[in-house]
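Right after this note come the structures.
Okay, so subunit A shows up in both of these, paired with subunit B first and subunit C after.
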Partner chain A sequence: MAKIGVILCNCFGEIGNTVNLESIRERLASDPSVDFVILRESLCQPGDASAVHAMIRDRGIGKVLLGACSPYGRMEVVRLGLAKEGVDVRTVRAADLREGCAWIHGKDPGGATRKAANQLDMELALLQNMQDSKDVDIRVRHEALVIGAGPAGLSAACGLARMGIRVHLVDRGTAPGGLLNVVTKVYPTELSGPEKLKPLVEMTGGNPLIRFYGKTKVASVKGYAGDFKIVLAGPEGSANLRVGAVVLATGARLLFPQGLYGYGKTKNVITQMEMERQFATGNVACKTAVFIQCVGARCAERPYCSTICCPLSLKNAMRVLDEVPGSKAVILHRDIMTPGSVLEAYYRKALHRGVQFIRFDADRPPEIRADGQVSGVEVFDVLSGVTRSIETDLLVLSTPLVADPESAALARMLEIPVDKHGFIAEVYPVHPVETRNDGVFICGTARWPVSSDQAIAQGEAAAVKAASFLRKETASALSMSRVPGSKLGHAQANADACTGCGNCVAVCPYRACKLQRVGQRSVSRVIKVRCKACGSCAAVCPNGAMQIPEQNYKVTGAMIRRAFREVR
Partner chain B sequence: MTSAAANTNILVFACRWCGLIGADGAGRRRTELPTSLRIIPVECAGYVEPDAVIRAFASGAAGVAVLGCHVGGCRFNDANHPALKRLELLKTLLDATGIGGNRLLLGFGTAHEYHQWADTIRDFHKHVEGLPSMKSWLPATQ
Partner chain C sequence: MAGISAALDLAGNGHRVHLVEKGHDLGGQVAKLDKFYPTDHCAFCPLWTEIRRCKEDEAIAVHPLSRVDTLEQQPAGYRAVVVHSAPVVDPSLCINCGRCETACPKGVAKPIGEHSYPPVHVIEGHRCGDCRACVEVCPTKAIAFDREEQRIALDADEVIWAAGFDEVSLAPMKEYGWGTHPDILTSLEFEAWKAEAGDNRGKIIRRSDRAVPRSILFVQCAGARDLRLLPHCSAVCCMHALKQAQWVKRRNPDIDCVILYTDLRTVGRDYYEYALRDFNGNGVRLVRGRSSLITPLPGGNGIAVKYEDTLTGKREIRQFDMVVLNGNLQSSLASKPAPKARPELSGEGFVTAASVSCGFVMEPADVTESAIQAASAALRTITDKN
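Right, the complex of A and B next:
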């Protein structure tokens, strides 16, 4: 067993004035696994790290136990200093004697000393029993799969290609563009959808690093970050790919308002998408166009705001006024949602252009008058408290973006969760384009309703995140922790003890445990790249077959036994 | 160890992302806490197996606290959610054996603020103090 060196920090009296460090020193020195116990005034001051390193090196010490401050205090400085000196900090443990003992038990020095002795004992037990998770390196394939060629997918593909990464861009349509292909004017610009995406589409066509697969779907996904095995199903049969990362940009679709405001039964009640098509063909004809906002949105079933419908209505209302001489445009809304400087200015522009706004209450939605064809709308104006009657010959329903069922199927394949509305869940709160499965990134409306500008920005973000992983030659499993520093270790399955019950598979929050057929029985296997060492599998394994070597059952058992051991 | 102290031994399994941060915060503000408290830092509350809780009682703990993140706010996606269910189930087992489920404190998301952490520990300490001795449960050698 590697000898353990113990260094106790006095913290210039902060610890030593309460805790009797001398008695603790004598106690620890009597432990056969302890090589030396040293008292120091400090550990975090200049020169301390090199002095500690020299001591460890000279005595040939494998593991170090520190009795110092809390892991969130100066201990970070100490660990960083030791790491810089070349000490393997994975074998350095610290018991919290300052925040955890001296500072909170100042009134009971005897109790504080007993506690300090116990806590040091427990950490000593950990060092004595800990094992090492053998790190594994995976070869990273420098290729990426981008699913969906809308604004988000296109910008992700172009971003990746600019960084020199080969991209396979897959879309179920024949050409890239996504929902923007049917939009003849993208708010708040004067450009059409294809015009807006032109630079990106030209780059995908002209760049030898990007290959576009039209009318193609993803048939199956196997593997993990760095080495996904993908099968594509396209018009020319299936294709096999091996990529290092996957960017999901499958987008969303607009809700079909069947049964709402007479849609489907009444003539001239249309959706925003049908309005876009009318603009594209140039046959918009109306005296008064009425837009109703939040149709099927911000309700019990879909409580979210779909972001794009308010600016979309502003744009189309202004277009009606521009393109149909003598026409009127009225927007019936619950709140106009135009955040940011650009969209707020767009709203002001619509006000000045003569678009009328009437606010209604969710409890009293507008009622339409129709006789096969829409003739008017009755709406209770909550701001003036009167019911207004509007003659209309065109009713446009603003419906929200809803999750695409195909995205949910892909999410299952990629082993990532969706939220209760079916949108792909990000890793909240600081990894907005990452998912639970390392190496799978999300952007655009597959994640949440966003405008095309935001989708393009998210595509760029996903590309950078993917590229920062893909540029590595190899990736170490221990480095893939998502948190600063490396992870504690990774779970290891003992195939001899495993009975294949599948508890670990059910509980693993990262889908890192898989059952594998070995001869006549099933045994669990851990995908080390995915494992984040939370220890859930170890907690539910009935046979102790699942262990995190750094904190295995022997460690925990010994720590528990020593927690209240009598001190002299 | 005095017998009075033996009655209030509390072992805390504190997750590194919530419970341990609460303990650190309480320490920085020098909040006076009972000395019968011992902490085992764990990566996640999901790591705490029911067996470990029972072993803690066998090793002289009069109360065990498992302090993790909010359900829905776990650092490891949703690892603490099954842990919560598992340990709630353990409480019924502790009730059935006579140890008492009220000797197991589950704090999910209430412990990452230092004052909440200190209050949680003080309240639990007071609660455990009022419970009968665990002596009869321990092996004769102890």
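Right, the complex of A and C next:
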């Protein structure tokens, strides 16, 4: 067993004036696994870390127990110092003797000392019993797969190529561009969709690191971060790839407003996309264009705001005024969603340009007058409290982006969750393009409705995050952690004890537990690079077959027995 | 958060980073938040995790309590002169024992009132009586009054601006009544006041008399979307107010919470449903309108607010116990006096595309948007140089 060194910090009397460190020293020194117990005045001051490191090195100590302050005191400084000295901080445990004992129990030195001794005993029991997870190294494939060649996917692919990484860019269409291809003017610019994407599309065609696969779908995904095995199905049959990372950028669709406001049976009731096509062919002709916002959005069925529809209507309303002399443009809305400085300025521009805005209430939506052809709209203007009747010959419905069912199917293949609307979920707001499955990144409207500018920024973000992983030669399973330092360890399945009940598979948030057939039996297996050592599997395993060696039931049991030794 | 994210993404791709921060610790304005929307999780842990990653990364040199004094473009890259300020208490030595606080006869040595990990004490030198009792009692020799600012020159290939936002004083806009009564707060002041980890341990009380308020009004677009002060929409305030109002309701359902808004801007994932939770009966009331006057009532009778409910057309004068003002956020590079080293700014004070930037200095952004912009800025910084 590795020898344990104990170092107690006096903290200039902050600990030692209350806690009887000498009695604790004697008590710990009598433990056979303890090599030495040393009292130090401090651990966090200049020079302390190197002195402690020298002591560990000279005495051949494998594990260290510190009696010092709280992790929210200066223990962070101590640990960072030791790590910088090259000490493996996973073998360093600390008991909080300052905030948790000396300070809070300042009036009861005897009690504070007992509590300090108890905490140290428990940590000692942990160190005595902990085992090391066997680390595994995976070879990282320095290639990436980007699924979807809209603004987000193109930006991700080009970003990766600029970082020197080979990219396979797959799209179900024949050419890159996605939804933006039909947009004749991208707000808030004067550029058309293809013009905006031109630099990215040109790079995709001209960069030897990017290979574009048109009319191609992903047939299957196996593997994990660093080594995904992909099968593509394209016009020339199937292709096998091995990539280190996958970027999902499959985009979204616009809701087709069948049956809403007479769409489908009334002439001159069109969607924003149809309006874009009319602009493209120069066929826009109207006296008064009326735009209705939130058609099929922010309603019981789709309780979300689709982000892009308000600026889209601002743009198209201004375009009508610009391109059709003498025309009027009216936007019927529930809230104008133009957050920030750029879009708010765009809203002000539309107001100055003469676009008329009428606010309606969700409970009293506009009603159209139509007889095969729309002739007018009645709307209760909530701001002035009157019903307005507008003569119109063009009604444009702003419908939301909705999730593409194909994205959800891909998400299942990539073992990442979708939210209740079918959009792909990120791991946490602070990590917006990362997913629960390391090595899989998301960007663009497959993630959530966003503008093309935001989609491009997300593509770049996904590229930079993927590149930071792909530049490694190998990745160790213990390094695959979002928390600082390396992770505690990873779960290990004891095949002899496993009955194949699948509880661990059901609870694992990272899809690291898998059932595997071994002979006649089904047993659990852990994909170590995915495991984050959360311990959920160990908690639900009825047979104790799932354990994290660093903190398994033997360790926890020993800690609890040690804590209650005196009571018993 | 933007600067931290950008630094981590750069370091992750093999680049060395100098992270210059004016505060005691990394974290910026996010460190002042009690909760994140829309998860209602504590803001601190995710932030702390990122800060820890920065401090652990050998490729990132963190310069706290520092500012960029001058920045010169050179044939290859930039030279920045960074000033490390000279605090009386050296945070790298202070063990937060509080002996200076006990010894100080003037009461100017105190625990730091802001985010700093590890926590430290600070001494406001200008109010000190020069007795030096604190220097005598400090066990780690962390206290010194004769430290001098250090100026160091840093060479860098590229500069990313991620200086975040500042609150703009609402005092010139007298109709908001800010500064006339302790119970008229800005949203960030209220966030700190009601914080679970703050001095009040999450209790919702008035600042004036520490009594439980009967009603709180959240005023949106205060100073923002207003050509007299800030033309832009600060983007984060609608969700911020919803978060705070719902939190108040959860802590104390008897407090009447009203949000006075212009457009309820809820465009992110789950944001609109977060707002919907209100309509569905937990009692935060949303009123569309703008206040024309907020003024304290005499005799501690709360605050009178004059506003029009623009959806019903009714003009109201109502009494509230507390008023929280939301919206007065601007790019910190636009604040007065202007820093000597700064990039080209738009008329509204945001960094233009001529420089690489991320977070609120580029465009009003919440934590999620900032993290995306930061990664995107990191990519452009790396690849534009190659």
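By our rule, the second predicted complex is superposed on the first by the 566 of 568 C-alpha atoms of A that agree within 3 Å, B and C clash if a C-alpha of one lies under 4 Å from a C-alpha of the other, contacts with A are read in each partner's own complex, and residues count from 1 in each chain.
Criterion: a contact is a pair of C-beta atoms (placed from the backbone, for glycine too) under 8 Å apart; a residue touches a chain by one contact, two chains touch by 3 or more.
Being a predicted model, the structure only gives us computed values, none of them experimental.
When the two complexes are overlaid on their common chain A, residue A:D404 makes contact with neither subunit B nor subunit C.
Of the two partner chains placed by the overlay, neither subunit B nor subunit C lies in contact with A:D171.
By the touch criterion stated above, A:Y72 is placed in contact with subunit B and with subunit C alike.
When the shared chain is aligned, subunit C comes close enough to touch A:P432, but subunit B does not.
Touch criterion met: A:V540 reaches subunit B, while subunit C stays clear of it.
Judged by the touch definition given at the top, the superposed model places A:D48 against neither subunit B nor subunit C.
Looking at the shared chain after the overlay, A:D335 reaches subunit C, while subunit B stays out of its contact range. For subunit A, the partner that touches more of its residues is C, with subunit B and subunit C as the two candidates.
Taken together, the two structures place residues 72-73, 483 of subunit A in contact with subunit B in one case and with subunit C in the other.
Considering their complex, residues 1, 5, 9, 12-14, 36, 39, 46-47, 49-50, 52-53, 55-56, 58, 92-93, 95-97, 117-119, 139-140, 225, 231-233, 235, 263-273, 276, 310-313, 346, 348, 350, 363-365, 367-369, 371-376, 378-380, 382-383, 386 of subunit C touch subunit A. The part of subunit A that touches subunit B in the complex is made up of residues 70-73, 96, 98-100, 103-108, 111-112, 114-115, 118-119, 122, 417, 436, 483, 488, 507, 509-510, 532-536, 538-540, 548, 551, 556-557, 559-561, 563-564, 566-567. Only residues 1, 5-6, 9, 11, 16, 20-21, 23-24, 26-28, 30-33, 35-44, 46-50, 52, 55-56, 59-61, 74-79, 82-83, 86 of subunit B touch subunit A when the two sit together in their complex.
On the side of subunit A, the complex with subunit C involves touching residues 11-14, 42, 44-46, 69, 72-74, 76-77, 80, 83-84, 159, 162-163, 298, 303-305, 307, 335-345, 348, 361, 382-385, 419, 423, 425, 428-433, 448, 454, 456-458, 460-465, 467-469, 471, 482-485.
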